[in-house]
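To start, the structure itself, in structure tokens.
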Amino acid sequence: MSDAPRYSAEHVLRYDYRRSLGPVLARFFTELRDQKILGTQAPDGRVFVPPVEYDPETGEALDELIEVGPAGTVTSWAWVHEPRAQHPFDRPFAWALIQLDGATTSLVHAVDADGPEAMKTGMRVKPRWSAERIGQIRDIECFEPEGA
Amino acid sequence: MRDVAILSFAQTPYKRRESERTEVQMVLSVVTDAVEKSGLPKSDIGFTCSGSSDYLAGQSFAFVGAIDGLGAWPPIAESHVEMDGAWALYEAWIKIQTGMCNTALAFSFGRASMGSLPETLNMQLDPYTLGPLGIDSISMAALQARAWLDQDNHTERQMAEVAVRSRKNALNNPDAQLKGDFEVEKLLSEPYLIEPLHKHDCPPITDGANAVVIAAADAVPSGANPVWIRGIDHRIEPHQPGFRDLTQSPSTKLAGEKAGATRLDIAELHAPFTHQELILRDALGLDDDVRINPSGGALAANPMMVAGLTRMGEACREIWAGRAKRALAHATSGHCLQQNLVCVLEGD
Amino acid sequence: MSEEKSEVKAIVTPTKLVYQFSAIGSHAEFLKAISEGKLVGERCPSCKKVYCPPRGICPRCGVETPEKVDIDDKGTVTTYCIVRVPSENIDLKLPYCAANILLDRSDMPIMALIQECPAEDVRIGMRVEAIWAPEEDWGPTMENIRYFRPIDEPDVPTEEMGDWY
Amino acid sequence: MAERCAVIGVGQTRHESKRIDVSQVGLVREAALRALEDAELSWTDIDAVVIGKAPDLFEGVMMPELFLADALGCSGKPMLRVHTAGSVGGSTAIVAASLVEAGVHERVLTVSYEKQSESNAMWALTIRMPFQQGIVAGAGGFFAPLIRSYMRRSKAPEDTGIRVALKDRLNALKNPYAHLKFPDVDFDQIASSPMLWDPIRYLETCPSSDGACAMVLSSEKPAKQASKTPAWVHATSMRTEPTMFAGRDQVNPQAGKDAAKDLYAKAGITDPRKQIDCAEIYVPFSWFEPMWLENLGFAPEGEGWKMTYEGATALDGDMPINMSGGVLSSNPIGASGMLRFAEAANQVRGEAGEHQVDGAKVALGHAYGGGSQYFSMWIVGAEPR
């Protein structure tokens, strides 16, 4: 056993990564800035949101983008009672999987609701847009219950 | 295929914080121990493969220093996967199948206590549409748990029962971190961590290292107690949680079929969250007479990058103790059971 | 056309992870010694070689190294380079000489700065000594040794540098 | 070995300092698709994928293979992620070959990449842990003293490094994928380029690139059915030693010598300079060419520089080295090793284009990493062995 004093220090790994997007994500984020949500349509009609450059099942290239939503249906959700520093809100909120109208798949995002009792699988939600949109996933500030 | 057996397993005691030994000292201790127990001289080990993650250590090339714990002199045939040690074992098994070596060592290590693991694991997500949301690993698992609860009248009680059984089983595991007799009612009355997950549904944060030595049939030393790898396979699924049915684990099912996961006495499932055990049991078609996680599983100790390979070790322990003849060991990687490995083990 | 109408081609994703790093075992003991102005190493029980800074193990033999050895703050340059390019995270005036220095009584070189002589005058085999920061600035870091400087001793012939030549 | 293995498809991206036209997904797909097209296969023909890259901190994604899996058609398939420092591109190819040689899979896609422009490699490589001291930055500061040791030991003429760089930079002009191309490059331009980490000059060092490389490896039957000539894997080898220990020879590391010895024994090579037609070796700083020529046994110790000097390593020499322009011309770190292995394969397939060595039948691909401590290498041939 060591009798040395304990040397302990914070180590911070911080970097602002700059990510180039390629054609599909570039269009997705560009349109998001204009409050439009795009998905990738496969030849058999499946629509992937967020959009992908390829079929996640087969790897085949896909390039047809169509508009979906903006509203959708919650397919699963989780209530955050005590947000972490990285979370989008500093008050309790929900994470949800949201199947936007016209999409085959679900998107992960935050839902601002009054409490866990206000959340339900199958509920309808719509996006609340950020005031300052720069072309990124957080241009959607969150989703909120339809009619709220 | 060559018959290959696990000869030995070694681990550090799994704990919340390993404050006495550095990573390299942890590696040295488990490697020395595993090699000694294998009955093979160290110089006979034909291939070495390790599993670890730079992000756990907070620096690039963190695995390079671990070499220092191997006594890699003269130089050794060696490789590394940025994955759980279970996949290091898979690569080692492959190497023996090529015939290029007859024995191999696989080891893994992780010191998750250095960082904030749920936030570190955010870095595992698609960096364009998922990572920037700031979602953590427990929240991701909670989305999966809700989807599971929404199905077939599943209940939080079933999940709590998994926690209670795991931590009770862990009472028999001297190296486990979380153990004890808990009551389902009491657990369910405690507040949610991320609803619908309670604290008991989630794994502890753990530091640890482990190692196994494997050998082809013709290289098993006399006096050894080999546990044969009857099948091993792994599969991956799409990354986006919303692109999959989170209540199913088709990759586990497929890997289980390929590995021949039938006629089992026990199964060591790498299920960091309670509901994931239930999804995995379903995927593998494990009925009630298969004992699940006699070690306590990942709910009793979950050293990142190490917990998967631990399942193989724990399955071997059951076989060595004569409590099982044929066992399944499973490892998972990524969020919401994205990637899964199944290994079927059998005593001599 | 206004700027915001241009296509979004890239996103910036800030990342910040906070770790708590603790020095353990030999590393902590080394830091304690250096914060008192001393260098300590460890001898391998198997190959008898001495490591400073120590790591608690001998990488060659793969065994623990419990025996402590006091190390001198003088040594010999085994090789070096002259850095003429600036880089992030390092704040030193260019050009400077970074040398591999084999400390007396240790068997493995450390990398350190050579100052108080033109970088071009540094030679393989040159004898050097540590220049420590003022004692009040000492902390648990190798940075207590600000740099090494030449001393008036004959160069070590390369044939006597054994493995490191 | 249970099964023979061959390279039946090779693909790589354009290498540039910033591939801002693609995402990480697009980058790996570009290389993978070219390898699939070269092999005349589609995603569904692939049984498993092995992916390699250098530190995750470069792109800021932990285990990025998890999100890249979809893009590489991995759904429902096995995927492995290899990381062995700078040698990773080579060891990734070796792991992929092992899957075939083990008889576990018939066709394996292997991909390696780096998109360094998402961050800054110098930052990622110079992260200081608490209580550590920062003296030199990046790989140059680490390797320059070793080069100085080599110069002293071998008494090589001081312009050896310049000659290597000139040869590689001229070769790069024949490679459509190469990152750095200096159409008017000559001896004086390299000699007068600034010293960075003396004795390493700017034009004697590698760039920082975005890029990817991919190969399709297959067992014997698909290889014999392929319409293009396959490159048969004759032998692979990997060796590792600790970064530092008392008495370690960092200039001519034992791990490299042992790997080469093992490799030649497996491939039936007794005189590498005679029996190997050309080699792509991992030379991030020009002086490493003579150092590795010795380490690989192409020249006696202390005499590697003579091969450079005599022109033996030129494209028209008797032992062409780094026909593609090498790491000095393109360096997407995680892919750099695989690019060496792929170039060796393309040479024996007769698919190397303008930098084809006439009649190359046996070629060596080589990679190293860490503090010259990880080595991976393979020998490929136009005929099965």
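Read from first to last, the chains carry the letters A, B, C and D; within each, the first residue is number 1.
The criterion applied here is as follows: a contact is a pair of C-beta atoms (placed from the backbone, for glycine too) under 8 Å apart; a residue touches a chain by one contact, two chains touch by 3 or more.
This structure is a prediction, so every number in the text was calculated from the model and none was measured.
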Next on the checklist: Counting only C-beta pairs in contact, which chains form the busiest pair?
Outcome noted: B-D
Checklist outcome for this item: Distance in whole angstrom between the CA centres of subunit A and subunit B is 29
Checklist entry - In angstrom, rounded to a whole number, how far apart do the mean CA points of subunit A and subunit C lie? => result 45
Next on the checklist: I'd like the Å distance between the centres of subunit B and subunit D, where a centre is the mean of that chain's Cα atoms.
Outcome noted: 33
Next on the checklist: On a C-alpha centroid basis, what's the spacing between subunit A and subunit D, in Å?
Outcome noted: 38
Checklist outcome for this item: Listed in rising order, subunit C residues that touch 2 or more other chains are 9-11, 13, 15, 17-27, 31, 58-60, 140
Checklist entry - Multi-chain contacts in subunit B: which residues touch at least two other chains? => result 20, 55, 58, 67-68, 70, 72-73, 114, 119-120, 123, 126-128, 130-132, 238-240, 243
Item to check | Shared-contact residues (touching 2 or more other chains) in subunit D | outcome: 20, 23-24, 57, 59-60, 70, 74-75, 123, 127, 129-131, 242-243, 245
Checklist entry - If each chain is a dot and touching chains are joined, what shape do you get: line, ring, star, complete or other? => result complete
Checklist outcome for this item: Residue set of subunit C touching subunit D in the complex reads 9-10, 13, 15, 21, 23, 27, 31, 44, 47, 49-51, 58-60, 78-85, 87-90, 95, 98-100, 107-108, 111-113, 119, 124, 140-143, 158, 162-163, 165
Checklist outcome for this item: So, in the complex, the side of subunit B touching subunit D is made of residues 1, 48, 53-55, 58-61, 63-65, 67-68, 70, 72-83, 87, 90-91, 94-95, 97-100, 120-121, 123-128, 130-131, 233-240, 243, 250-251, 254, 333-335, 338-339
Item to check | Residues of subunit B touching subunit C in the complex | outcome: 19-22, 24-25, 28, 31-32, 42, 55, 58, 67-73, 114-116, 119-120, 123, 127-128, 131-132
Item to check | Residues of subunit D defined as touching subunit C within the complex | outcome: 20, 60, 120, 122-123, 126-138, 140-141, 144-149, 152-153, 194-200, 242-249
Next on the checklist: With touch defined as at the start, can you tell me which subunit B residues reach subunit A in the complex?
Outcome noted: 20, 58, 114, 118-119, 122, 126-130, 132-136, 139, 142-147, 150, 191-197, 238-243, 246
